[in-house]
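Note that chain A is present in both complexes that follow, paired respectively with chain B and with chain C.
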Partner chain A sequence: MIGASLSRWTMAFFAVSLVCLILAETLMAVGYGFPSHAIEAPETLVVVHLVAIGWLSLLMCGALFQFVPVLVAKPLWRPFLALPVLACLMAGLGFLLAGFLQLAGTLESDLPFLILGGCLLPLGFAMAIWILGETLWRARPLPLPARFVATGLICLLVLAFLGSLFAHLLSGWIPAERLAAERGRLVPLHAAMGIGGWLTFSAVGVSYRLLPMFMLAPDHERATSRWVWLSGSAALLALGLGVLLELALGASTSLSFGVAGICGLVALVLYGTDLAFFYRHRKRRQLELNIKASGGAFAALFASALLCGVLVASGTLERHVGALVYLVFFGWLSGLALSQLYKIVPFLTWLECYGPVMGRKPTPRVQDLVAERRDGPWFILYFAGVFAATGALLAEELTLFRLGSAVVCIATLAIVVELVLARRLANVSASLRLPEGTRLPRLFMAASGGR
Partner chain B sequence: MSGDTRNELREAVLESLRMVIDPELGENLVDLGLIYRVDVDDRGAARIEMSTTTKGCPAAAYLKDAVHSAVWIVSGIEQVDVLLTYDPPWSPEMISGAIGHKFGAGSGGIRR
Partner chain C sequence: MNQPPYELDVRPILRDGGEPFSAIMQAVEALAPGQSLRLLATFKPLPLFQVLGARGFQPAAREIGGGDWEVLFMPVDAAPSSAEQHPAVPDSTQGDWPLPSIEIDCRDLMPPEPMVKTLEAVEAIAPGATLVALLPREPRFLFPEIETRGCLWRGEQQPDGSYRIVIRRGEGTGAA
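Showing the complex of A and B:
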């Protein structure tokens, strides 16, 4: 068979990740973590890892288990390992958060939660890298979008290793003083590998396939897209090498960081030209809500780059790094994720429910599973909340930030409700909803018969 | 089977294929230009060449089955052979004029 199959556990990954997102947004709205607590405080680490691992990484793993086979037109290698990956990551995250709560003094226990988290999370990520890496390896030579994902997976490897190291350091298992100086350098590398490498690079790669597909735009490999991959990879490499050389030889990082900055900027500008190309050359005149909403995420991506430039130039990056990370996490990555989930969940639900009777019974369209007109305002509210909360962080207005976070949380809840309604086929007219031979999909798991 | 009867059968097959919609685009495969070739021989054996909008599409196997079913129910068809191909890869230019207004003008339609 030329093609991919329905990934059985992807919907479970999505469900857990959305729960983590809502939990993190609620914590921010009630004033838990940054900016009420210091940026390096355990309370902030709870929120940051709930977003980075619980929401974005689980979502990315679930999405890649479904879309890497689409990118390379080969089936997923050992798909049954997806469940152990989910179990390891969920348990690992639970232990990690419990460890942070121990550090915060909220949880009193002698159990080595940080060590457990620092072992289970790398194990889960290693399995995910194994499944996806082997699938990519067997599909060489790789098309461009898959090369982005491959780079993202390498970054995930570095990220998980560093994360595990920090967990062992914080637990006291490795004496903290041994790596005290190095930690200051490795934490930004950990963040850059996570946000820039694993999450952004993988998201950009998948977008190169999904956007032309959804907009009916030309999807041939463009020279600019190849340069996005090359310059983005060079930026990540320069960043990693710069930190390593500084740690090993005491060399200054200014040159490597400068190279990384320029390469990153080139990648971003060229990615912008590619997005404009897809939009201008699209055949689908009436864009669907997932593409319209993605516009907010792309705006946040370029606003983040602009903000980063302004903060570096004004020497205030350290002071406002929280606002920058917030905008990247919630505007760019979460904005894009929620927008695309709005398409992916109905599409996978449609395939699972109506695929088996296609051509034999009348079926609704994928678009009939959602109510775009009703849902558009929630996305507007979401992005308005994100930009307001970012502004509040820059202005150091705590109450306004909590208000913005509450708006973001309410909009997210509404979007999640719409995804559940799509999964339950609630928007489909009664006459088409469940033709003979179909059954209502389970909320969290695709049917085993999915191809 | 005469040439006229074969042509009639071929038209009936095409009409039946119009029941099969691409789930993402919400239009039938014939007008989307995803049915590359329809041949019906003297013995009522149909051979269909089709594609999907993207290689590796998770819906590919379902679509192939749906095409098989839609052809099989046509009265006079005795055998169905469906070939999924990506040579050439589908492009939006293959969308036929009938639904072209929704997606921009296309020259599309199946190759005769």
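Showing the complex of A and C:
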């Protein structure tokens, strides 16, 4: 049955990650973490890791378990490890957050939460890298989108190692004075590897496959796309090796970040031309909501680059780095993720439910699983909230920021409700909903392949 | 079969923006009994497969570089019954397949529509019959679905990135 091609636990990854997103947005709306607390405060670390690990990394892992086989036209290697990955990452994140709460004094306990988190999270990510890495390795030579993902996975390796190192340092288990002193300079590398390498680079790679597919645009490998990969990889290499080398030599890390910034900018400009190409050469004139909403995410990506440039030029990057990270997290990465989930969840649900009777019974279209006219305003509200909250952070208007966060949270909740309705086939007309031979998909788990 | 194939190069006509169909049909009319037609074109002339198939010719196509194609249309009576005659179509089974009864073009449809249309067409043909579907890309989700329904397939990536699949509906229990 069609379930053979569906990754069984992908919906569970999506569900847990969406819960983390809503939790993080609620915390920001009620004034927990930055900007109410300092940017390096444990409260801020709680929110940042809830978003970076709980929401975006879990989502990316679940999505890649489904997409990497499609990208390389080979089955996923060791798919049974997907559930242990989910368990390790959820438990690891729980311990990490508990550890931060310990540091904040909210949680009084002698248990070594940070150490536990600092061990379980790298273990979970290592298993995810193993599954995906081996699947990619066996599919060489890799098509371009898969090469982006491969680079993203290497960054995840560096990211998880650094994260674990920090967790051990913060807990006091590694009494390395010098290393602890360098922590402040390694944190930007940790953030860049996470946001730029693992999340952005993998998302760009997947977008090279998804966008042409859903817009019916030509998806042959373009020279500009290859240069996006090359220049982006060069930026990440400059960070990964350059920063460590400069630290070892006792220099500042500005050269590496400068080189990475220029290479990253080249990648971004070329990516912009590719996006414009897909849009202009699409065969599908009428765009669906997921593609329209992705436009907000791409706007946020390029606005982030512009903001970063302005902040660096005006020497205010350190002061406003919170606003920049917020725009990247919520405008670009979360915006793209929510937009694509709006297509991916109905699509996978459709395959799971109607695949077995396809061609034999009348079935609804994938578009019939969602109500685009009703949901469009939620995406508009989401991006309006994100841009308003970013502006409020730049203007250091605390109350306005919380208001913007609340709007973002409400819009997210509405989109999540729509995803649940799509999964329950609630928008499908009764006559087409469950033809003989089909059954309602379970909310969090795809039906087993059965073969 | 002893006669050499009649050779027709329609590439100059195509490059001038012309329509070679009448020239091809004239050539077919001029063929001696049992003689094959060797056609050279700037693309794989899929529509011709069906037209000449109806006249009892079996195609064997191969790309000859520069995007050009050579197709040998052999009279079915004279054609050797071997899958070697289909070098462009990877063989996933033994033996001969009947000529496709229909050809559907799903290249401009959004996923999963190409899969839906293809399976609808599979359900519509008789057991043992074959069909050709042109799809926007390699149909990863379609392959296991076809096999589960007891059908066989042969597929190949096209130079333009699309995918051509020949599906043979299962005998006996059929695809149902």
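Methods note: the second predicted complex is superposed on the first by the 438 of 451 C-alpha atoms of A that agree within 3 Å, B and C clash if a C-alpha of one lies under 4 Å from a C-alpha of the other, contacts with A are read in each partner's own complex, and residues count from 1 in each chain.
Quick note on the criterion: a residue touches a chain if its C-beta (ideal position, glycine included) is under 8 Å from a C-beta of that chain, and two chains touch if they have at least 3 such contacts.
The structure displayed is predicted, hence computed values, not measured ones.
Per the definitions stated earlier, placing chain B and chain C onto a shared chain A by superposition produces a clash between them. Once the two structures are superposed, chain B and chain C can be ranked by residues of chain A touched, with B on top. Judged by the touch definition given at the top, the superposed model places A:69 against both chain B and chain C. In the overlay built on the shared chain, the residue A:351 is in contact with chain B and with chain C. By the touch criterion stated above, A:257 is placed in contact with neither chain B nor chain C.
In the superposed model, A:359 lies in contact with both chain B and chain C.
By the document's definition of touching, neither partner reaches A:77: not chain B, not chain C. Judged by the touch definition given at the top, the superposed model places A:285 against chain B, while chain C stays out of reach. With chain A as the common frame, the single stretch of chain C that clashes into chain B is 97-105; none of the other options in 7-15, 61-69 or 97-105 do.
Once both structures are placed on chain A, chain A residues 1-2, 4-5, 69-70, 73, 213-214, 216, 218-219, 283-284, 347, 350-351, 355, 358-360, 363, 365-366, 451 are touched by chain B and, in the other complex, by chain C.
Those residues of chain B that touch chain A in the complex are listed here as 19-21, 23-26, 52-63, 65-70, 84, 86, 91-92, 95, 102-104, 106.
Those residues of chain C that touch chain A in the complex are listed here as 108, 110-113, 115-116, 118-123, 136-138, 140-141, 144-145, 148, 161, 176. Here chain A touches chain C in the complex through residues 1-2, 4-5, 69-70, 73, 213-214, 216, 218-220, 283-284, 347, 350-351, 355, 358-360, 363, 365-366, 451, going by the rule given at the top. Remark: chain A residues 1-6, 66, 69-74, 209, 213-214, 216, 218-219, 283-286, 347-348, 350-351, 354-356, 358-360, 362-363, 365-367, 451 touch chain B in the complex.
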